[in-house]
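After this come two complexes, each holding chain A, first together with chain B and then together with chain C.
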Partner chain A sequence: MLKRKRWIFAILAILPTLAVFAYVRLYPIADTLRLSLFKWDILSKNKPFVGLANFRELMGDHLFIDALVNTTIIAFGVLILTIPMALIIAALIFHRTRSRMAGFYETAIFIPHVVSLVPAAMAWKWIFDARLGPLNALLTFFGIPAQSWLFDPVLSVICIIVLCSWQALGYAVLIYIVGFKNLPVSLYEAAKLDGASGPQSFWYLSIPMLKPITLYVSVVTLVSGFNVYAQAFVLASDAQGAPGRQVRVLVLDMLENSFRNYRVGYAASEAVVLLVIVLGLTLIQFSTLRERGKA
Partner chain B sequence: MTTNSVNYIEPTTEELSEGVRLRRKKRAINFAIDVFLIVVSILMLLPLVFLVANAFKTPAEMLSWPPTIIPRDPTIANFSAVLGETPLLRWIANSIAFAVMSTIAIVATSAIAGYIFGKFRFRTMNILFALFLATAIVPFEVYMIPLYFQAKSLGILNSVWGLLLGYLVMSFGIFLIRQNVIHSIPDELLEAARIDGAGEFWIFLHIVLPLLRGALGALAVLAFFQAWTAFAWPMIVATTRTSYTIEVGLALFQTGFTVDLGRLSAASATVLIPSILLFVILRRNFVQGVASTGLKE
Partner chain C sequence: MKNRSAKTRISTRALLVSAAFGAALLSGASTVSAETLTVWSGYPEMAPFYEHVAQGMKAAYPKLEVKVEAIALREHEKRVALGLTGGQDGTTVIELSGSTATRYLENDLLPEAPADISTFVKDPKNFDKFFSDTAGQGGKIYGVPLFRGQGALYYNTDMFKAAGLTAAPKTMEEYSTYAEKLTKRDASGKATVSGWSMRLSGGGQGIAEKFWINMHQYGGAILVPAGEGKWKPNFANEAGRKALKQYLTNIFTTKTVTPEMPADADAFERGQTAMFIRESWVIGDIAKKAPDLKYATAPLPKGSIALPTNLYVAGKGADAKVGWEFAKAANSPDNLVWLLQNVGWLPNRSGVDYSAVTSKQPAFAAFVDYPKGYEFFTLPSIGPIEEILTRVAAQLVAAFGDASLAGDDAKIDAFLKKASDEVNTILAREGLAAK
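Up next, the complex of A and B:
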């Protein structure tokens, strides 16, 4: 009797949340999968089922390939730049954790992660500005010719990587600090008694023991790298907003296909590609963790 | 007092100087680390400091090298120009309304669902929870186009309701609250209340919610900042000038024909300063929320 009452309460209480969840999450996700199999253009009345034709077309679409390549370079670029720096900075902050400055370090390094994206990107846009930017002024001071950072396709990808890494660093540092706090102190004391130096125990103890955290931070960084959009939009669209100047990334290509070319089904198939990449990364993370658990 | 000195061996002068040398070395290392971390911290903050400084500069000073951190001749001309050219305050109001409503929705849904998933673990509930968790992996960008068409058919494009549609629930929030429920709300407490004749809803309101205050605070801060910094969704849902959020307004403002750097910086600073202040005030909640991401398992 009592049990049934609890059951009814649980169902009734969860129902509104569940309904909202189904409407704003489950349904659109399912719809993405469905649309990707249709030639679903806003402008045409006929919306036929085409199977995997959209995906086949994507493989030959040079704009999509461009976007995929750029996005992959950005995602891995951020990863390579961020992880080692975050690990070292977190180790040093953890080492100084009892000093009065620790809170300041953490806050200062974390702030770029929380400030609004667009204004933060504006700050970097000024730094990279070809005529007015301090970066070029600094370069010419050292006798290096000024670069048109945000107009050159290769350089602007680098600029996006720098901006994204600047934002990602604080998060990675924070997670690593939590990781350091959870490591067993006794092991370090034993190592110290055996004559290990600080850098040695960092290399032989901390790095291997923090592997699950490194994996986690890597996957989070990669996933957000594959979703990059705002940074590319702000940095690489020029003062006149010429869309041709933008660095092509996956989300941008998706939005252009659906809202400029009205090819919703085609854009949905791009979304599915993005989903597969993200799922793949997450599966790698889980399977590596499970293997570790077995060993 | 004498017992104290029983095991105490007077160090030789040699050992003493060895200790002093070690301590000195340690202090030197700590000093070097502090210097390094201070430099890194300053470098991280520098772009934002320059942005705020630029907002108060005259066009001439903006071009000077090296760039000044404290404007020689501070002016608010940039701010008044921006306020004259754009509905900046309207955009900020839109963002605040959107972020506050999203926070309320996420905190409410997460509190209820997190509690149910934490304490009512029937098989159906476990399956539902797995479903919530599984969708947490799917990035918003993947399904935002179908969601846009849902907003369109509801007739809520270009309104705060349209913005809200994308940010009503947060799988991670439900997960976070569930973990907290499991860790900090003992079954005995709930059973005792039930024996005293308390109804399930009363228990949730008067026992569970107060105990979850810390976790819900952390979640609220995360949810607020998530909506405040949202970009792709507001960009496609809000397409009229008066319905922009501040992020979209700023991003599109910079692509205008006549915008100069001073005005852009002023507009950006107007957004940055309050959000940095808010972060510094709520820092502890924020860090608690972020730190529990994926690490509590």
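Up next, the complex of A and C:
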């Protein structure tokens, strides 16, 4: 009887949270899946069922393909840049600065993560500015020719990766530091007695033991990388002097199809593709890192 | 029992008082809403004009409250789409281009104008057929024409003098030779002031519109009517090649302009470019931001784009009447002269004497006193026009960054064919493609 009451209490306690989650998360996902099967125009009265026609059209849409390729490059670029840097910085902060300065470094590196996206992107836009930006001033000071950072499509993608990594780094470092704090000190002491150097301990002890942290950080970083929007919008589109639609990302493409071309059903099919990709990559990450963990 | 009866009486009185108070509130709200207008504009510089119109209506409507909400055009378009489909409260006067309004009219999201307004708009003494047609559909009138965007060349007369040029270019070939003479360069030969600021970058449909304007001088068009409400692209041809080649020559061969250089009105006002093509609103903008700039305007070689913007009224019954009155008041001769003088957008109404403004500001002459046979074109009133322009713009931006296209006619033709095919695909999807 008591057990049943506990169950009822637990369900009642969790119900409001579940209801909110279902309303703001699950329902929109389900509705997006539904919309992707319709020619759903905001303005039109007729919203016919078109089956998989939206998905078929996506496969031949070069803007969507460009957006998908750019987004994938940005997401993996941010992942590749952020994870090793975060790991090294976290290790340095944890092992080298066990003083009051550690807090300062943690705060300093975490600040970009909490700065609003648009002002941060505006600041970086100035840094990358071809004519007035300090980056080109620095390059020319060393005799390197100035670059069209925000017009050249390849360089623009690199700029977006740098900006996104700068913002993602603080969070990843903080999580890694928490991970370092939870590693058993005895193992390091034993390794030291066995003659292991600092880098050896880091490579053979820290990295394997931090795998759950790495899994979490990499999933979060990759997912946020696939959702890149404001950074690309501010740095590389709409304003003159920007490469316009060449640096197209998925969320931007969806926004344009929904609210500019009023093709909500088509944009929903893009969202479904994005969902499948992110879900697939997350599962792969989980299975890969878990397998390695077992090994 | 007595107490209960007293309580009942008190409750009844309270109920009656509340009901009376509520009714008074509701009637007050109704009165307020009848004379409260919201104006949605996509041009922030138009806000003072609408406030001026509202001020002028005070005599006839002393209680009229006009709330002007003028925001950036793209945001305005989103607001209109969501506002009209979500159910608009109260009466809203909405500023929309004829081509954008089409999709709302097709879906009955904007009401027909009342008879008196329709008569006013259809009267050829008030508006040329070109303008009344863009404010209607199927013989019915849905909006009141107000102003138009029309292109002309702006040129810096000081820079012209320094380059030994005495008059504006008259042919497209001259545009390029002038651009070479006007470009200022640093010691390494890199352009620091562009000779001719062409729209090369950015994300919006403006790139395609500006390309269309230049291509129009050669006889090409992004879209042309093909009869029975169908359309076809008309730029995978010699006109398209000439227009694109001119862009590529300026970017990669003579290097009079680069995509990274400051462009458009801002650059012109700061002396960072010598020539550019834009609408008449720039005159007002220069007056505010660079009053000492020495410049003149000139018509384009063959003709220009003309993008009429109309006022539509969302609202029902008597409440909407004041909205239509506002749209008509905006078209009073006094207000239109004020519009041209203070904002710079060209009014569409015929028979109004603008000489008081044009005599003071000769730069308007290129927009008003154009040569005989000057050919205007406008954006087709079809649902996917913005998608088409945005996609063509995306292609063009890629072309403007591709040096291998310059000087290679076969490659230019292949590029134009690809862009044209994409336009045809969109037209076919919407059932608008000519066979």
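Assorted remarks:
Operating definition for what follows: the second predicted complex is superposed on the first by the 245 of 295 C-alpha atoms of A that agree within 3 Å, B and C clash if a C-alpha of one lies under 4 Å from a C-alpha of the other, contacts with A are read in each partner's own complex, and residues count from 1 in each chain.
In the analysis below, contacts are C-beta pairs under 8 Å (C-beta built on N, C-alpha and C of every residue); 3 or more make two chains touch, one makes a residue touch a chain.
Given the structure is predicted, the values throughout are model-derived calculations rather than measurements.
In the superposition on chain A, A:Trp166 makes contact with chain B only, not with chain C. By the touch criterion stated above, A:Lys45 is placed in contact with chain C alone, chain B being left untouched.
When the two complexes are overlaid on their common chain A, residue A:Leu193 makes contact with neither chain B nor chain C.
In the superposed model, A:Ala130 makes contact with chain C only, not with chain B. With both structures placed on the common chain, the touch criterion links A:Phe259 to chain B and to chain C.
Of the two partner chains placed by the overlay, neither chain B nor chain C lies in contact with A:Val154.
Comparing chain B with chain C, the partner in contact with more residues of chain A is B.
The interface of chain A with chain B overlaps its interface with chain C at residues 237-241, 259.
Residues 29-30, 33-34, 36-38, 40-42, 44-45, 47-48, 50-51, 54, 62-63, 65-67, 109, 112-113, 115-116, 120, 122, 125, 128, 131-132, 135, 137-147, 149-150, 165-166, 168-169, 171, 174, 194, 200-201, 204, 225, 228-229, 231-232, 236, 246-247, 250-252, 254-257, 259, 261, 264-265, 267-269, 271-272, 275-276, 279-280, 283, 286-287, 290-291, 293-295 of chain B are the ones touching chain A in the complex.
Against chain A, the residues of chain C that register as touching in their complex are 74, 77-78, 81-82, 84-85, 103-104, 106-109, 199-204, 207, 259-264, 384, 386-387, 390-391, 393-394, 397-398, 401, 422, 429. Contact residues of chain A toward chain B in the complex are 2, 5-7, 9-10, 13-14, 16-18, 20-21, 23-29, 31-32, 35, 89, 92-93, 95-96, 99, 101, 104-112, 114-120, 122-127, 129, 132, 134, 137, 166, 169-171, 174-175, 178-179, 198, 213, 216, 220, 223, 226-227, 229-230, 233-234, 237-241, 250-251, 254-255, 258-259, 264, 267-268, 271-272, 274-275, 278-279, 282.
Within the complex formed with chain C, the residues of chain A that make contact are 42-45, 57, 62-63, 130-131, 148, 150-153, 237-246, 248, 256, 259-263.
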